[in-house]
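Structures for review follow.
You will see subunit A twice below: alongside subunit B first, and alongside subunit C after that.
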Partner chain A sequence: MTRFLLRRTGSAVVLVLVLTAVVFVLQAVSPGDPVKAYLGNNASPAAIAAQRQALGLNDPLPVQYFHYIVHALQGNLGMSLRTRRPVMADLHDFLPATVELVAVAFVLALLLGSLYAVSGSLRWPGGAFFRGPLLVLATAPPFLLALGGIILFYAQLQVLPAAGRGVDSTGPSGFVLIDSILGGDATEFVAGVQHLVLPAVILSIAPSISIGRILRSSLDSTLASDYVRTARSKGLRPIVVLGKHVVRNSLGPGLSMAGLQLGFMFAGVVVVEQVFSWPGIGNYLAASIPTSDFPAIAGVTLVLGIIYIVANALVDVLQALADPRLNA
Partner chain B sequence: MSADLTARRFGVPQVTIARFAGRRLNLALVGLLIVVTLVALFARVLAPDNPVQPIGALNLPLGSEGHLLGTDGIGRDILSRTLIGIQTSWFSALVVVASGLVIGGIIGVAAGVSGGWLDNLLMRLTDLFLALPGTLVAIALVAALGFGLQNTLIGIAIVWWPYYARIIRGEARAMAARPHVEAARLAGISRTRVVFRHILPGVVPTAIVTASLDIGNVVILLAGLSFLGLGQAAPAPELGADTARNLQQLLTQWWVPVVPGLAVLLLSLVANLGGDAIRNLLAGRR
Partner chain C sequence: MSATDEKAPAASIANLTVALTRDGVRAEVLRGVDLKIQRGEIVGLVGESGSGKSVLALALMGLLPSSSRPETTGTITIAGTDMIDGSAEQIRAVRRHELGVIFQDPMTSLNPTMRVGRQITEATGDKAESLRLMSAVGIQDAALRFTVYPHELSGGLRQRIMAAIASAGRPSLIIADEPTTALDVTVQAQVLDLLRQLRDEFGCSVVLITHDLAVAAQIADRIAVLYAGRIAELGPADVVLREPTHPYTVGLLNSRLALDTPRDTVLQTLRPETATVAERMRGCAYSSRCPLADDTCRAQQPPLLAVDGSGAVDGSEHVRACWRDAATVRELALTRSDAPRILVSGSSTESAAPAVVVEGVHQRFVVRSGGRKREVHALRGIDLTIGAGEAVSIVGESGSGKSTLLRAIAGLVPVTSGRVDVARGGAQMVFQDAGSSLTPWLSVGEILGERLLPLRLGKTETAARVTTALEAIGLPASVSRVRPADLSGGQRQRVALARATMIPPAVLLCDEPTSALDASLAASVLNLIRGMREELSMTVLFVTHDLSVARLMGDRVVVMTEGRIVEDGTADQVIHHPEHPYTRSLLASVPEIEAVR
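Moving on, here comes the complex of A and B:
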């Protein structure tokens, strides 16, 4: 297991290095001028030259790359051309909202995906009435689902809010749900949940189908195996067969798919946050795109990319724990 | 990664009504793909009005006379804009899928046929791409390349091929081990000819199925990027961007932002059903 852990950590580190290299090269060729972010548009040529020297922009590219990594490790991702603030400070402000939304959506996707798989595999009566609509919804673009959700639940039924997180400012953790529990504020918690429902459900639908389908085919093949027939024929109750023999042996592919889906949720969250005015990193990215604010775009790509790489490494470790044959 | 996983990498699933249906329904669904392609091809002829010129009253509702899908906030015909948007979306998606097929096909076949160090090198590179969050990298790529539909397509194409390379490499490898290829080699046929006459034809069905199942994914992805402003510049009609630009009308004139989004749903549904049908037809043949 130790060897497996070391190897998996090693490959994750290599991936992060590759990602930083990609982002660095893109930043080097991008049209925006980082010097102007520091000095504004009216700086004198002498000041610009001095700042270029100070930022190390006259060094050879490999040296710049080395400095880029050192700075990134120190938490310095450069200045945003749009907000004129350090990108790291912006990310610090906007990341928690996104993490909260994606985490809730991810759990929802796992629940919906499991429901999809189990209801299909065990042929629950009426399961098709759940799976069919979910399938159709999952072929729609996320922004259309968001619009539909707002029209139905906000404008028509008036049961759910359509914008923001429900609180003006967050407490120490930056997560509405956690802060409201810590502060014992029930109304804030309810408001937080209400604001999360629509964006999180919309974000979870497409991934839930991908996870559900893989999980279902995996469940089906496990259910057809000899040891499950043995477990059944020795008189174990179906729920015990499922819990003790089937689920653990079927989880692997579903877990892998869940890890991959996280990448697509990061892409989807940018769109969903924009529709719901969610004060997160996705909205920040969406605002940075039209202004060609490359340091900000690079920072978002780097942070979300690293979360993605780490999450997938964790998934592999979880899989190896569930199935020791994998850590050879 | 298991074959299961590479087979369905995306959020967008296949709608599998067609799997249980007969050959006739499958053919009809493939026909639907052709109809959409024809509509996209002749969008400029079909569009009743100029898509960028204001031609009517502002915000006419659905079913208005002369403007079936109404008009937008500055009086442009929504049907015309949506038709041109369908053209852009559909052909862009086809271009991305074709680029994935060509680049991934060349790399996959090269790796699968040659084996050894080249196979190893190409597949490590492919895995590297697959392990990075492709859509995010594509957004960063486009932002660095500069805006415009062409750069968006280039950006996506750069992150799109690895999936094809993986699948086609596996298929080429399996083909290369078949007896008929061995026989061809023993008969002294040149390596190039073996690849083109004896391996490629065997890879084509899998490649076509993979590509046709992927069109829907690309349609959704492109619509999302266009929604974020990574598409054509302002007056040009584009489905995602038309939704994004008219978002503030959602609660007063809902059809203005919703109609282009419904067109994306339509394209993605047709692509998924058609892709499924192609798979079933090819599976039935073998």
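Moving on, here comes the complex of A and C:
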């Protein structure tokens, strides 16, 4: 198991290095001049030349790449051309909102997906009344769902808010739900939940179908397997057969799909954040692209890439834990 | 054991009829089966695939698959519980306390992600008891093996784990569904011994389901022969085997390949089924294949009656369902059909260049399992020369390297070192599983026509050649429009054979082509290969795990174990005067029916 973990960590590190190389090239070829971002447009040519030298921009590219990695490791991702602040500081402000939204949506996707799979495989009566609407909703693009959700729940029913996180989170974690619990503030918690519900549900629907369908087909084949027949022949109760023999052996494909979907959710969050004015990196990214703010774009890319790689490495580890044949 | 009457049978099945719906077609799989399994007896339930024997096993456990919408009438009573209409709770209690099961494939029948100790303990409820059972079924170092996963054990050990699960809680009945079919012969003998030992020590009854009469002959007290969902013949094992009174039993016994089957005649087979399902439902189901069938047989279903004419059936005597009198059937058993002689040796031409030369071949694979790499040395220095026109059998157990050698000769895998030469014309291969070696979405005609592509024959000529090839394997030309999935297992294997021999290769390589087929079907495919060999004077290399098949298919028999050839000689030499201890141990494990015929 330790060998497997080391190998998996090793390959994740290689992937991150490749990713930083891509991001570095993106920055190096970007039209903006980081020096002007530091000094402002009115700086003298001499000052600019000195600053270039100081920033190492006259060094050969490989040396610059090395410095870029060293800086990234120290938490320095350069200056944003648009906000004129360090990209790291921007990410620190905007990332928690996105992580909170995606995390809640991901948990929802897992729950809905599992419900979809189990209700189908075990032929729960009435399960079709859940799976049908979910399938229909998943065919609509997220922005349409978001607009429809706002019209229905905000404009018509007036039960949910339409924009923002409900609070200006200044707490220690940056997550509204966690900060409000830490601060013992019930009103803030309720407001946080109310603001989260609609975007999170909309973000979770398409991934829940992907996860649910994969999980259902692997549940079906596990239920038909010889060892499940053996478990039944032992006279075990159906719930024990399900819990101890069926679920664990069916998790593999579902876990893979969940890892992939988590990555897609971070990418797809841009649209949902725009519609709901969610103060996260999706919105930050959307503002950075028109102004060609490459340091900011590169920073967001790097962070999302790392999250994606870590999530999938985690999935591999979970799969190895679920199936001893993978690390024999 | 429950506190029921000691004299009550372990299980009693009365007038059991089961209909299953598969692919939208409803069919009666069992039709009026009556069977009492007495305490402490071993009943061998013998039948070909499709006879309903596995469905009977599932019905006994109350585990008929709900996906095939079973409709059941009649009764199954185990320990006073109705296994058909009883509550789910009651049936589960019977499974837990009264029944044990051993399935065919111990690899797929054990949960791959659960340690074997836990799987046993699920049934015993107690670790100490599990360890005791593991020792009782012959697992050494039980404490060490307790924490391993199934894939870390050999096939034989896995089946012992299944046996430990089956014997948990001192069941009154153990159901073993083809428990040895997936295992090597030497392991098969051990598992059969184990079943007998479980009966002797725990006093439980055993239902042993098998397609091989000889396997049942090893340990069964009584044998029930099942045909098309009905019991054809039932009686004490030695009586049924020595004095069979149903033509089907006789046919099964005659088509069985043994170490003394004559090598120079066409192998005996049962007639192929020609009747439609509706016709079979009317009279005796076997009538369309029976050499003795008359009008009564075709019109009325025969009742199951005592052979000695005593009428009453209480379960212990010899009964059969046949209209013809026992003496006539006995004659059928004694007169071996006048099978035409065929030439099986001497076709090898010494002067011609050899068809296959294998010199100093080594084959190493790197097996990657999770983090670790492991090297498997599958072939360890093989030297083998096969003359043109020669027929050679390679025998060995799983893991001996016999299939790897065949693949190396076929050129499917490059060898690590050494030399493999095949004469002009190349090698063609027939695989064990014909179903998966034929492309499912192509028609038989397209599959066969594909082989002719390099000849650039044109449409009509190709079609004509395909028809000829189908005729040669005994299939009508209309089969060329059919897809492989619509053919039976035997027909598929014939098509695979036609594909391999349409353009005669320098050597025909056969990798266990009959091991998935019923005895009679296997014999007919073997006949076909032998006939083709004679006709086309083809070189044949036949890989099998079955010594009696090896003897029939090869003038020369080569024995392999652990990647080496340990014996190489004429068929008679190897079978009757084996020199290597491994060959002797293989021969000793072959199940035989003694003194029949």
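What we mean here is this: the second predicted complex is superposed on the first by the 325 of 328 C-alpha atoms of A that agree within 3 Å, B and C clash if a C-alpha of one lies under 4 Å from a C-alpha of the other, contacts with A are read in each partner's own complex, and residues count from 1 in each chain.
We adopt the following convention: a contact is a pair of C-beta atoms (placed from the backbone, for glycine too) under 8 Å apart; a residue touches a chain by one contact, two chains touch by 3 or more.
These figures come from a predicted structure and were not determined experimentally.
> Return first, second, both or neither, reflecting whether A:Leu77 touches subunit B, subunit C, both chains, or no partner chain.
In the superposition, A:Leu77 touches no partner, neither subunit B nor subunit C.
> Based on the superposed arrangement, let me know which partner A:Leu112 touches: subunit B (first), subunit C (second), both, or neither?
In the superposition, A:Leu112 touches no partner, neither subunit B nor subunit C.
> Considering only the touch criterion stated at the top, classify A:Val87 as touching first (subunit B), second (subunit C), both, or neither.
After superposing on A, A:Val87 lies clear of both subunit B and subunit C.
> Check whether A:Val315 is in contact with subunit B, with subunit C, with both or with neither, and answer first, second, both or neither.
neither
> With the two structures laid over each other on chain A, which partner does A:Ala200 touch: subunit B (first), subunit C (second), both, or neither?
The answer is neither, since A:Ala200 touches no partner chain.
> Counting only touches as set out at the top, which of subunit B and subunit C does A:Arg7 meet: first, second, both, neither?
second
> For the three-chain arrangement built by superposition, which of subunit B and subunit C touches the greater number of subunit A residues?
B
> In the overlay, answer first, second, both or neither for which of subunit B and subunit C A:Lys234 touches.
second
> Please write out, lowest number first, the residues of subunit A touched by both subunit B and subunit C across the two complexes.
Subunit A residues touching both partners: none found.
> In their complex, what parts of subunit B are in touch with subunit A?
1-2, 4-5, 8-13, 15-16, 128, 131-137, 139-141, 143-144, 146-147, 216, 220-221, 223-224, 227-230, 240, 243-244, 247, 250-251, 254, 257-258, 261-262, 264-265, 268-269, 272
> Which stretch or stretches of subunit A touch subunit B in the complex?
Its residues touching subunit B are 15, 18-19, 22-23, 26-27, 29-31, 135-136, 138-144, 147-148, 150-151, 155, 206-207, 209-210, 213-214, 217-218, 253, 256-257, 260-261, 263-264, 266-268, 270-271, 274-275, 285-286, 288-290, 292, 294, 297-298, 300-301, 304-305, 308-309, 312.
> Give the list of subunit C residues in touch with subunit A in this complex.
Checking each residue of subunit C against subunit A gives 61, 63, 67, 92-97, 99, 101, 103, 105, 108-114, 122-123, 149, 151-152, 162, 165, 168, 369-372.
> Using the touch definition up top, name the residues of subunit A that touch subunit C in the complex.
3-4, 7, 224-227, 229-237, 244-245, 248-249, 320, 322-328
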